[in-house]
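Have a look at this one.
So that you can tell them apart, the chains are marked A, B and C in the order they are listed, and the count of residues begins at 1 in each.
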Amino acid sequence: MSMAAEERSLRAPWVLTAPALMLFVGVLLIPLAMTVMLSFHDWGQYKGIEPVFILKNWHEIATDPYYAEMFWRTFRIAILTTLLTALLGAPEAYILNRMSGRWKSFFLLVILGPLLISVVARTLGWALLFGGNNGLVNKLLMSLGLIGSPIPFMFTETGVVIALAHVMMPFMVLSVWAALQRLDPQIENAAMSLGAGPATIIRRIIMPQIMPGVLSGAIIVFSLSASAFATPAIIGGRRLKVAATLAYDEFLNTLNWPLGAAVATLLLVALVLIVVGSNALIERRYAEVFR
Amino acid sequence: MSRNGPLALIFHTVFVIVMVAPILVVCLVAFTPEGYLSLPTNGFSLRWFRTIANYPEFIHAFWVSLGLGALSSLVALLFAVPAALAIARYRFRGRDVLAALFLSPLMIPHVVLGIAFLRFFTSAGLGGSFAALIVAHVIIVFPFALRLTLAAATGMDRTVEMAAVSLGAGGWTLFRRVTLPLILPGVISGWALAFIQSFDDLTMTVFLAAPGTETLPVRMFLYIQDNIDPLVTSVSACVIAITMAALILLDRFYGLDRVLAGKGDTGR
Amino acid sequence: MAYLELDRVAKQFGTQTVVDDFSLSVGKGEFISFLGPSGCGKTTTLQMIAGFLDPTRGAIRLEGKDLTAIHPAKRGLGIVFQSYALFPHMTAAENVAFGLEMRGVPRNERAERVRAALAMVGLAGYEDRHPRRMSGGQQQRVALARALVIKPSVLLLDEPLSNLDAKLREEMQIELRQIQRTVGTTTILVTHDQNEAMSLSDRIVVMSQGKIEQIGTPQQTYEKPASAFVSQFLGKTNDFAGTIDRTVAPTQLVAGSWRAPAPAGLGGPVTVSVRPERIGFGDTGLGAKIITRIFQGNHWLFQCDSECGPAIVIRQNDGKAQPAEGDAVRLTWRAEDMSVRARADA
């Protein structure tokens, strides 16, 4: 390479990425930094935000059991949602993958399509289905004899987890689906020719290979569920607070921005640690097998 | 020929019903002739669709959403296409860090972004403005625009460009006549996916929107917070119908599987 | 005595017949190749033997027992897939052990047999490698060991060498043949590569469009192709249009100015097939002009324009002078080097 060409290829990437880089520094990194700073500011009912450096908000979050309970609830909902999507989504992806061409693409569209439909509309649907003690879901479960008395879904964690699992399900199906696509199409025949039955094939051959897909789907679902806003706000209502709805309240109702910023910062840090940590774990676990 | 057993098919049927039920129930309730939430058991009626006309704030919010989605996706692409080309073709120091930065809005909870932008734009005196919404949406749709453009640029045959250079093309002509047409499918689907992402966002926008700049999801959310009545179901039904139409178009012209594969990677 | 027998086997997908009227008797220990272009039904036939597909008609018998009634997991056949289909999450040893485990072979015996199988394919010391960390050739060997360790009644090979590069493929061919001779397993190989089929098999089944074109030893199919398809598919060949002339006695076979005593049982228009390496230059015979002459090291390749259309001639490089481009020559061959078929198009 000539000197001029070499210099050009050194400069070119920076020239091309400079606009986007400036955009991200200017209106993403700076606002995020401002939010972290905000969490250290003081706030009073009448004096508003005072730009000082104190640990008051962090101290409050650390000592007031209300926040511990709220964060525990947030993560409990996210974990249950993740489990539910994995337990139902992974088998469904497998079943889909075994269907023949036309049905496969049709049902894939039916299951993944909701991904692009407004979260508000989908959650509204669950609110209608749950709708108090004589909602459709309760009527159906009771007429099937599965339950004796109506289960409260609205304004409960059960309801939030169900609706959230529905919203997140496409991510899990898609992730497992992608893992299934990487399977050798002859792998089941190979196992069968060696004498393995259907249950053995699923347990010994399929499950270990789609596990990375399930896990990466779980990370996506977990992080989106833990920071979900619309579904907990509509199904959970005002009393069942999670991190996102609490921050919303602090900002737009109580107007205690510094405290809301602290809650948001904590949520961000916790999620980044969890996601980065589990990604690293998964990668190490499967490095040998799936490069 | 399906290789699934009866148990698997029962599971599948229940699964699909549960996936479709909430969307279906919204669309059905929208057609109720009654004045309260109910399934249209006594015939279908369009009265709640007509009622939308009496609520100009919904119609206004729709136009805001449409304009915001179209514009922010376009602006995002203006930044994303050069960045994608740089990341796809050059191995330079800081490349991985840059790529991670550009995809980071996927990992940052939207509630945090909403708070950060609210703080930022309020300090800048732009609180509640349409311009602030555009900038904020550019950031959240950027990863989608970047990812699909990047895929197209990475998959592109570089020798075609070399051939063009050998024939005397260079600079802007090279980009406009050779590179851009080759990555165009990726760019267009990146735009479409970015648009859907922007059109659907509630969590971040709810912090930034003021009366007059409320988007449709925000308007619907605020309405549901007060009360749930058939009106919001008819609005939702319209949104669902529009999304479906866009999906069908996208599928016809580009292939939905590719778009969905791009969206499904959120968070990585 | 037939060990594996396919009796008028047919497979239809919808209205499309993929394999039709396939009958074959395989002797114990025999190495058979199904040879044909892609889409000729060879893999479908293999999959019916394996049990992944059910035949629409006909019977498949192993030692006289109906194989189609047995579930694929219970047939006890060893299969090497084109993609190898190794289990990526298991080590080489675990892959090989899987079939033994399914058969309830005790752990100690299993370990011993796995070690022996890997040693047989030249992979001693690779027990703990994962397939993704192995080369294509090594993966291929693991697949072979995995199929052989269960002592299969029949070994089925589905284009096993097609993913390897040319040099490695040749090495593996030799090795495969040696291993098969040593263990004596009845083997069926599916391939589209005629060299592979010829160098490995005892007999070749040439297939085209779902039908058997010819069954024979490699020499038979090469030297006496039963149809135009076989002669074209198995290497280069020259097809000359000729006629049987009955106006003279004895009747003569005429192709241009080449003539020979006519073979019995044929009359009228015929096709004369001669391999390029069997044609020589002589004083009499088919008139031709040399268009191009290409030197290829151990032989010369001539492309000629003959009285009966284009012709290819291959001559060993024996150090003697060869005709030059533009020379007029006479092409000649011995009667036993040609095969004569009635011409269908006339």
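Everything that follows uses one rule, which is that a contact is a pair of C-beta atoms (placed from the backbone, for glycine too) under 8 Å apart; a residue touches a chain by one contact, two chains touch by 3 or more.
Predicted, not measured: the structure shown is a model, and the values here were computed from it.
The leading chain pair by number of C-beta pairs in contact is A-B. Relative to the C-alpha centre of chain B, the farthest chain centre belongs to C. Mean C-alpha position of chain B lies 55 Å from that of chain C.
Chain A and chain B have centres, each the mean of its CA atoms, that are 17 Å apart.
The part of chain B that touches chain A in the complex is made up of residues 1-4, 8-9, 11-12, 15-16, 18-26, 29, 37, 78-80, 82-83, 85-87, 89-90, 92, 95, 98, 101-102, 104-105, 107-112, 115-120, 123, 135-136, 138-139, 142, 196, 199-200, 202-203, 206-207, 216-217, 220-221, 224-225, 228, 232-233, 236, 239-240, 243-244, 246-247, 251, 256-257, 260-261, 263-268. Taken in their complex, chain A has these residues touching chain C: 184-187, 189-197, 200, 204-205, 208-209, 288-291. Residues of chain A touching chain B in their complex: 9-10, 12-14, 16-17, 19-21, 23-24, 27-28, 30-32, 34-35, 38, 88, 91-92, 95-96, 98-100, 103, 105, 107-129, 131, 136, 163, 166, 169-171, 174-175, 178, 216, 219-220, 223-224, 226-230, 233-234, 243-244, 247-248, 251-252, 257, 260-261, 264-265, 267-268, 271-272, 275, 279.
On the chain C side of its complex with chain A, the touching residues are 50, 52, 72-79, 81-89, 98-99, 102-103, 130, 132-133, 146-147, 150.
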